[in-house]
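Below are two complexes that have chain A in common, paired first with chain B and then with chain C.
Our next item is the complex of A and B:
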């Protein structure tokens, strides 16, 4: 059962990823990407990491919708309504992404993975929280602030002043 | 999993959704017409089932179907972790996060429904909802997490169980109010109904007719019901109460919250989503964080 689910989700994820580059509409590409990433999220449920799995689905949906907002804010093709190709520099991009995919797949298959030590904790979400809020707290705080600053800076730089500013 | 709870859940959800629609129709009607308001939802269902689909020029039908159907799907899936009585349909250790993830899928559903017909007003409505989503989602998440923090668990059942002594609404009233506001915004109901507003000719659902419109409307009412039902285990003590069994108390409280939300939808003026964003980020988020701080201090 778990094996069938794994392969179904793996195929769905890769198929979604391929669809991102073969469709001709921004909206379809966005939602193909969402299907691909949500399938990865559901894969996490298979390894009993319910919190991370559900969180991935949650974050990916919000992320794609924010991408839709950016689509009308900043694109030369407003709202992505016109058909357009999803690739630039097709040959070079294909070569690079093919090489990266092959490299990563080879690494995953050829690495001598260590045998499992210990047993999974009864509550993985709790263990994750302790890890993030304990030893990795400083790293997580810095990364969080850096991401937020990047997002705000990008928007501020891109929109000098908006039409709806009330001054 | 047995079939019993599943059927019970589906029937309860359907009945409450129809009841909400009937109450809404009664609020809009004069007292003399309250009798016909009670059957208004069923007549509307019959009308939509026999109505023809509307076709626009060059619609994206795949995305349209996906959007229209994922609205009720998101509502139904969000509700499976809510206990009706003792146990939910699907017990989950991360039920609160699951509920949140499923109701965020509504963003995708509404935006797709607005984008896919290739028509101006639905597109405007779809983007209005995404903008509104950016405003309500953060305070909403903080309100959910505050309840989970008070119980020390992400399981909805355990959050309800943690309120045996005192209901969370008593010592986290700010989080409760923020939850109700965000529930209205989530179902784009009443003051937050701009995505389907009259001044854009009905927004997202302009081009929906026949069965498509029925599914979309049913999804919206189901969402309102599920959002009301979630307030019960999160803030109102779940099934706790004297005399009656816990399922009955859950139902009574859900109907009460649902009634308040539907009533507020008819009585509160519309709020523009850019103003709501300002109020939400400047007032609701700090208020939610302060509430969380208080709860955190009490828990420690």
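Our next item is the complex of A and C:
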């Protein structure tokens, strides 16, 4: 059961990823990306990470909604009414992508992975919470500062003109 | 399914993302490629936690960091696209090659 679910979700995720770059419509590409990300979120339920899985699904749904708005704002052909391709260096990109996959797959299959240490805790979300409020708190603090810095930087970048350059 | 299966999925997602980043002309589509690459990292992080070291929560923290990076990358990317478009009505990578060299 778990094996079937894993492969179904894995195929769905990769198919969504491929669809992002093959469908004509930008709106469809956004939802294909959402399918790919959500499949990974559901996949996390199989490895006991229910909290992170739900977090991924919720965050990605919001993110893709925002992305759809930007798509419609910036893309020349958001609805995909005319078939078009917008790629450059396709052959080079395919070659690099294939090489990357071959290399990573070889690493995954050939590396002698160490034996499993420990067993999953009964409540992984509790363990995560205790960890980021304890030994891993520095990570959380850096994430917090990074989020704040990104908020300021994005506002500064996106504003038309600042307070002092009246034109 | 073992660790290898998860890592193969991660490698596939990452490779598709690499293709998108290298080949797409639209900056928004390029950022979708970046999202897919980070998606692969998330899969690998979760799989490493479950299959190698579930005793500590370090793998989960890695996934949390990757999810945050994904959101921040998209926010910063859209701000850059907005600034670029406002400055010169450009939304493709080919027209923004000033630093190429």
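Simple rule for what comes next: the second predicted complex is superposed on the first by the 136 of 167 C-alpha atoms of A that agree within 3 Å, B and C clash if a C-alpha of one lies under 4 Å from a C-alpha of the other, contacts with A are read in each partner's own complex, and residues count from 1 in each chain.
Definition applied: a residue touches a chain if its C-beta (ideal position, glycine included) is under 8 Å from a C-beta of that chain, and two chains touch if they have at least 3 such contacts.
All values reported here derive from a predicted model rather than from experimental measurement.
Chemist: Of the two partner chains, chain B (first) and chain C (second), which one does A:48 touch, if any: first, second, both, or neither?
Modeler: In the superposition, A:48 touches chain C alone.
Chemist: On the A-aligned overlay, A:18 touches which partner chain: chain B = first, chain C = second, or both, or neither?
Modeler: Touch status of A:18: second partner only.
Chemist: Using the superposition on chain A described above, determine whether A:40 touches chain B (first), chain C (second), both, or neither.
Modeler: second
Chemist: By residue count, is chain A touched more by chain B or by chain C?
Modeler: Answer, by number of touched residues of chain A: C.
Chemist: Just checking: does A:57 make contact with chain B only, chain C only, both, or neither of them? Give me first, second, both or neither.
Modeler: first
Chemist: Between chain B (first) and chain C (second), which, if any, makes contact with A:28: first, second, both or neither?
Modeler: In the superposition, A:28 touches chain B alone.
Chemist: Where on chain A do chain B and chain C both make contact?
Modeler: In chain A, residues 55, 66 are touched by chain B and also by chain C.
Chemist: Would you mind writing out the residues of chain A in touch with chain B in their complex?
Modeler: Chain A reaches chain B through residues 25, 27-28, 31, 34, 50-51, 54-55, 57-58, 61-62, 64-66, 68-69, 72, 79, 81, 123, 125, 164.
Chemist: State the interface residues of chain B toward chain A in the complex, per the touch definition above.
Modeler: 60, 62-63, 66, 92-94, 97-98, 100-101, 104-105, 107-108, 111-112, 115-116, 118, 123, 127, 130-131, 133-134, 137, 154, 274
Chemist: Could you please specify the touching residues of chain C with respect to chain A in the complex?
Modeler: Within the complex, chain C touches chain A at residues 1, 3-20, 22-29, 32-33, 35-36, 39, 42-43, 46-47, 49-58, 60-61, 63-65, 67-68, 70-72, 74-76, 78-83, 85-86, 91-94.
Chemist: Along chain A, where are the residues that touch chain C in the complex?
Modeler: Against chain C, chain A makes touches at 2-3, 6-7, 10, 13-14, 17-18, 20-21, 26, 29-30, 33, 36-37, 40, 43-44, 47-49, 52, 55-56, 59, 63, 66-67, 70-71, 74-76, 86-90, 92-94, 96-98, 100-101, 104-105, 107-109, 113-114, 116-121, 124, 127-128, 130-132, 136, 139, 143, 146-147, 150-151, 153-155, 157-158, 160.
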